[in-house]
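All chains are identified by letter, namely A, B, C and D, in their written order; residue positions are counted from 1 within each chain.
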């Protein structure tokens, strides 16, 4: 399971991509992933918002994650 | 006293400019000019609106006309 | 504040962005009016524009000044073409630049709406067999 | 209906009118977002834009499709730049063409407002001594 990081999320994690090792317990839902991130990197809870995209679509908290999904962490957007 | 005509007003009068001969009675106000035009060219009363400009500014009916003024007949505008 | 007010024979749409660009501006809004092929289902061959130029420039100045009073703008442009224009050709371009986008959007809309109401420019629609001065009659 | 949706390195503002021009359109409205020199009195050296490209293009498509549902539009363009941009450089251009001007004005405003809300693009403001991800923190 790979997770992509952009903008300030990339700065917080220190990397643009993290791979969960095969043998580690993986978050089963978007909500679980957010919780796990916030626990590991407290800086995430200071952001204005935090969204998750699954296969390049915004995903609600109850969306289930499978290991083949492309998952991305979307901090507050600021295009334009 | 010269009067300029534009757009459909030019078509109605058949000329882009009319000079009142020196010895003819000239309209003393914008209202009098409009009345005189409507009497001579009934087509003017069929227009959506008819404005008069004196020295290239819109002029109300009570504005006095002098022979050195540049007077223009402004039919409904349709720029843009 | 800079403003560009012009009556021209041909409008060059490519240069308007550099004319409105400005270090204090974060937004530029531009409206271009072009010749449409059909009016009420009838095919338009061309539009012919005529103006009372000295007065049209004065009225356009007044509109630009009013926009600058109402909104915080850095640059304003109002440029209208005259003569015969065929389908897809630009006939008018108005625009504004401002720090934030609200101002330039609202000003741009005001510029074109007011131009159409007060500036002495007349448009004749030329069809295959006749031609009509637009808005002249009810 | 034609639409142009792109993430590019550099925006060429000169070509947008010909891209939106159309025989069925009487109006074209375009918004260009540019780099401002000052943010809250602080001098900006440059802006740096980053995107999650595959998702950004999908979201821009959705916005263009929604605009086409809401208004009667002939052409729509949404183009965003990425990389480092300096003062006065264009960073985004959106626009629409339509038979009448109401539709293109409203659609243009909708395109930029919604782009700013949902498209995964991030802007970092670079000042002389530091840099900040815009909107990240309260």
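Observations, loosely collected:
By our rule, a residue touches a chain if its C-beta (ideal position, glycine included) is under 8 Å from a C-beta of that chain, and two chains touch if they have at least 3 such contacts.
Small disclaimer: the values here were computed from a predicted structure and weren't measured.
Any chain touching subunit A that also touches subunit C appears here: D. With centres defined as mean CA coordinates, subunit D is found 23 Å away from subunit C. In this assembly, the C-alpha centroid of subunit A lies 73 Å from the C-alpha centroid of subunit B. Computed centre separation for the pair subunit B/subunit D is 48 angstrom, with centres defined by C-alpha atoms. In subunit B, there is no position where the chain touches two or more neighbouring chains simultaneously. In subunit C, the residues that reach two or more other chains under the touch definition are 33, 112.
Inter-chain contacts occur between A-D, B-C, C-D.
Of all residues in subunit D, those touching subunit C in their complex are 13-15, 17-18, 21-38, 87-88, 90, 97, 99, 101, 104-105, 108-109, 112. On the side of subunit D, the complex with subunit A involves touching residues 33, 49-52, 54-56, 58, 80, 91-92, 112, 115-124, 133-138.
The touching residues of subunit B, when paired with subunit C in their complex, are 4, 6-8, 11, 46-48, 53, 56-58, 72, 74-80.
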